[in-house]
Structures are given as structure tokens and as C-alpha cells.
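Consider the two complexes below, in which chain A is the common component and chain B and chain C are the respective partners.
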Partner chain A sequence: MLHKKVDENLDIDRVFDSPAEDFDVFIRIAREEDIAVARQMAKQLAQEAGFSLADVTKIATAVSELARNIYRYAKQGRIMIKKLLDDREGPYLEIIASDNGPGIAEIDLVMTRGYTTYERSLGIGLSGVKRLMDTFAIYSEVGRGTVVITGKRRRKF
Partner chain B sequence: MKKLISKARVVPVICLGDFLLVPIQIDLDDRTVGLLQQQVLEEIESTRARAVILDVRMVDVIDSYISYTISETAAMARLMGCRTVLCGIQPPVALTLAQMGVMLQDIAVARDLEHALLIAGSQSGVG
Partner chain C sequence: MNSNGAVNRVEEMVQELAADSRLQGLWRNFLTAALADNKEKKQVEQLKDSLSLLFEEIGEQAFTAGLRAMAAKNPSLPVTDLLCTVIQVCGEIRRENEQTINNLRQMLPELATPIIRIWTDMLLVALIGNLDSHWAQNIAERLLDRVSAARAKVVLVDVTGVPMIDTAVGGFLIEMFSAIRFLGTDVILTGIKPEVAHTLVKLGVDFRMVTIARDLEDALRKGIAIVTGEKKKRRQLAWVMTGDKESESGEEIDI
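== the complex of A and B ==
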């Protein structure tokens, strides 16, 4: 599973400036209420894409964690979700959480279960997202921002 | 006697003998969860309830912050001599919480309302 600090191929600023029309859901996170909005919209998109109720819940929860991280640590950023179609393997939902916040100096530390710099927190947000989703990658640079790209494939049932 | 009533009532609270029944039927954004905690604590104080039952049957997403606040509320209620019982967690929510590693260990959990009332009324048990 991808778990990199800085990837040469990924430009944090360019991801942040992605055009809204490239995505099915594009939400600016700037207020606390936006967390719930992002969660609801992710849930609706996953439902429309035919994900099982269990996976819809996991996706909505993951988006909730990512949106809250943006709001807490970067103050603002965006959640972008896109439905990718693959004839062989069925639809795939890709979620990008992007901000121009302070960045993360020690990614391994923030991916550790129970680690948090926020006092009212369980410290399981990012590690939880990784567990709930199929793919997970995080890119961060101090002073530039953070990008989390995570996805889930629709299971055949 | 004047009682301190919370300005923001976000959930209905039903008095049931010594117990408070709190059905949560709204979307829990962060602000609402905070107000819910405040309201529940104020209701415990004013009613001197022995136990509070939080019914989350209608809640379809419980993330780490909501879990944290529920646990924290239970801890606060315990300090006020009141037991907290959580009931009605939906299967997909249980699956998600378990996969994330949220155990909600400090709070009593019940299968349904009937079970919750039984736990709330029992002398032993956690929460």
C-alpha cells in the first residue's frame, strides 16, 4: 500500500487547483458544517454508484474523517470525489482530500493509531481511513500542504 | 425553582421513570454533537436521572469524533452518578467502527431499547 512522504510525480499545488468539473463531487471545506455536507454527498454518490450499504457507510465515514482533518489542521481545503468506470472490475470511487495547510512533518507518526495533536480526538482518523478503504496514499510537504488519495472498488455481491 | 435550560435543544429527551431516553434522529455534525453533549448533561442535572439511554438507530454515520464525544459524554455522566447506555447501532455502522478500531469500551451497549432499559436498571455493569 502506498504510503509516501513526498512523491516526485505529485504536485500538491496542482492537485489543489484541480478543476471542479473533473469531479462528480467537489466540496470546499471551510466551515464545520462542510464536514457533514461532504459526508452526505459522498454517501449519496456511493449509493448511486451501487455500493453496498456497508461500503457506503465506510466511504461516508472516511470522507468525514478526511474533511475534519482539513478543517482542524489546515482550516480550509477541498474534498474531490470521482467515479471511475472500469469494465472489468466495476466502478471505483476515488476520493482526494487536498489542502494548502501546514503540512505533516512526520507522516509515519500521524498514521500511527492513537497518535493525535488535537486534544479532543481518538487519534484514529487517518489510520481509520486507510483501514476502511481499498487504496490509500498520502503526500505532504511542510509549508505546502497535504494530499490524501484514497479509493474503494465496488464489490460484486 | 428555576432550572437552567439549554438554549439549544437539539434532540428530544423523554423522561422514563429514573431514566432519560434520547432518540437521536438528526445528522450529527460536529457542532450538533457538542450541543447534544451539553444538552444531555444539563438534562441529567435537572432531572437527576439514574441512567441515560442514547438511541442511535437512525444515525447512519458515526465517525471517530462522534464516537469520541459519545464516550466523553458517558464519562461525564458517570461523574454525575448517571449511567449511559448506547443502543441501536446499525450493522454497517458497527462494521465501520470495528474496522476503524473504535471499541466504545467505556460505555454500556445494548441490542435494542428493551435491552437498554434492562441494563439501565441493573445495579452492576459498566457505564
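== the complex of A and C ==
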């Protein structure tokens, strides 16, 4: 679990311009309806990958939170989901939320429960996503945008 | 006139494009309008009409295939002009669809969330589907109005039909519950599915401000208990005020 302010290896603009064909789900977020679409697509993909109902719901909720953050703060962005297959470990769903919005100055503060800059919000979205998923990384630069990369592995039964 | 030759060949092209006489008619109308020389407003309208009819009938794939075949055989066909018109027509169709979707969306909350008076002083609202902010606002307003008008003591909120509760939906529910409690009305929440419960705990959404019931039956029982409890209290108060355990007529006193 890491969250870094700026990572030298990650180019925010390059992630934002990732080609759609690299992903199983690629959705542009620009309107409120897009949040529901992203959530629905994520749910479907997770179901097809054989995740349990609880995990499907967690993944759908995480996507919903990320998409809503994009819509609220950056106005526009992308949600990209990739299914990675590993014979030994089983399928792994990677979700990338990317925007060219205002960026986050105080990442540690944003990751704190109850902190929000939005009036009608509980301020538990991002930290909630971290708790819902297995891996979580956030990269942000003020004026350039934000990238959240998070993933969940299918548990063995 | 360059396109005159093409006009003469309309019939020939129509035969090539479709076998069905109805489709032939549609293509004929479209081609005649497309090849007309004077592009006045009326003509353009005619072209648009015939085009949208054709679209509806055969779909864009068959249409593009037809157009491609025609353009290959008839270089005189004003493809650029046609394309512009096609794009305009598509835009209009899209706008119309968006309008329809918007209208439907506005209708949806009314249709999907009836507020039912299920018992004396008790209302039931069953929330269904994914709640977006407009919808949520609409439900909250209607429910508050209804609670206030009906002077309900208890509101049962059933979320069995809500597949997922994220922080936005959770926040909306908390706001709505708080507002209802400000009216002096108790809220009983029911229908949280196990997977949703797990997600809520992970997210840290807290519904502790309201009573939570296992299922609708339990919710109804709890609600009735509250309503009866309140009635009992009123009777006791009436007894204290009149100083008489039973009225002369034998009826229960209530205030």
C-alpha cells in the first residue's frame, strides 16, 4: 500500500493518453450518467472474471467512488479496467482512474477519513477505495492531474 | 448539368439497392432529393425527412453500404453534400433521443418510488435501482413532504432494490434520515444485503443514527411497537389530565 505524491516512473499525461484497446473497459467520465455506466461495466467484468458477489460489489463501489471523484473534482477523465491473468494466482483486476484535473496538493490529507473539500460529501471515498481493494496507489501533481491505480485479486476458494 | 445523368439513373440505382418495393420507394425519395439541383430550404428539409425515414428502416450499416456502392458507380453523386446532410440528420436523431431519455429520466423517480402508508402513522418507501443525485433529491423532497403532511411517526426505508451503496448514496441516505428525524419521525432501515453490508463497513458509512431491521417483517414489528408505545403514552397523559381512568361513556380517552 503506497501513496506517493509524485512518482518518477509514472507520467500522468501518458497514463491519461493510454490507448483504449489496451483495456477491457475504457470509459470517459464527463457526465453524471457515466458514473453509473462505469460501475455497471466494472460489475459485469468482475462477474465474468468469477469474483465473489461481495468482491464484485466492492469493485463496483470502488469504481463508483473513483468515477465520482473524477466527475466532481476534475470534471473529465477516464476509468480504465484491465483483467490480468496469472495462472498461479488467478485473475487480477486492475482499475486505473486518470484525469487532467487540478491535482491534489495534500495527498496525505485527502487519504484521511473525513477530509473533504466538497460540501455534500462524507470525505471517506478515497480512503474507502483503499480499504475495499487489495492494492492502491495514487499519483498526483497540482495542475497536471491525478492517477489512481488500484487492483483486486480473485480469492481462492 | 452534371447530375442530370445521375437523375436519369435513379431508377436503375434504386433497383440495384433494394428488392423490396417499400425500400425502393424510400431510396427513390432520398436519391431524388439528394440529386435535386436547387438546394433550397424546402429541398433540404425533404432530403432530411427521406434520410431519417431510410435510417429508421434499414439502419446505418445497410445505408453506408448502399451509399458506398452508389458513389463507386456514380462519380457525379454529390457525396460531400450528402455526407453533411447525413451528419446533420444523425445529430438531430441524437438530440431527439437525448430529449426522450431526459424526459424518461424525469418520470422515473415518480414511477419507481411510491410512498405507501402501510400502518397507522407509518410510511413505507422502497428505494430501487442506482440512485443518482437528481433522483435522490427528488425522493428526499417527496418523502419529507409526505412525512410532514401525514404526520407519520415512523418511516420504513427498504433498500432491497439498491444494488450498491457507495459514499454518495450513503451520504444521501444519512442526510435524508437526519432530515426525517428533525421532523420528529423515527426511521427504520431494512433490506441491506450482505455484500452491501461488507462494503459499507469497509467504506465506513455509518447508519447508527437509525434503527436497522433484519427484514421488512421485523421492520414492521418494530414500527408497530413504536406507534403503539406512543399511543399508550398519549392515553396515560389523558388519564393524568382528566383524573379519570375511564370516561363515562366507556370510550378510551385520547388527546
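To be clear about the criterion, the second predicted complex is superposed on the first by the 157 of 157 C-alpha atoms of A that agree within 3 Å, B and C clash if a C-alpha of one lies under 4 Å from a C-alpha of the other, contacts with A are read in each partner's own complex, and residues count from 1 in each chain.
The rule is short, and it goes like this: a contact is a pair of C-beta atoms (placed from the backbone, for glycine too) under 8 Å apart; a residue touches a chain by one contact, two chains touch by 3 or more.
It should be emphasised that the depicted structure is a prediction, and the values quoted were computed from it without experimental measurement.
Once the two complexes are overlaid on the shared chain, A:Val142 sits clear of chain B and of chain C alike.
In the superposed pair of complexes, A:Ala105 makes contact with neither chain B nor chain C.
Once the two complexes are laid over each other on the shared chain, residue contacts for A:Ala20 go to neither chain B nor chain C.
When the two complexes are superposed on chain A, the residues of chain A that touch both chain B and chain C are 32-33, 35-36, 39, 53-54, 56-58, 60-61, 64-65, 68, 113, 120-122, 124-125, 127-128, 131-132.
Against chain A, the residues of chain B that register as touching in their complex are 27-31, 60-65, 67-69, 72, 90-93, 95-96, 99-102. Only residues 130, 132-134, 163-168, 170-171, 174-175, 194-196, 198-199, 202-205 of chain C touch chain A when the two sit together in their complex.
Residue ranges on chain A touching chain C, taken from their complex, read 32-33, 35-36, 39, 53-54, 56-58, 60-61, 64-65, 68, 113, 120-122, 124-125, 127-128, 131-132.
By the touch rule above, chain A contacts chain B in their complex via residues 32-33, 35-36, 39-40, 43, 53-54, 56-58, 60-61, 64-65, 68, 113, 120-122, 124-125, 127-128, 131-132.
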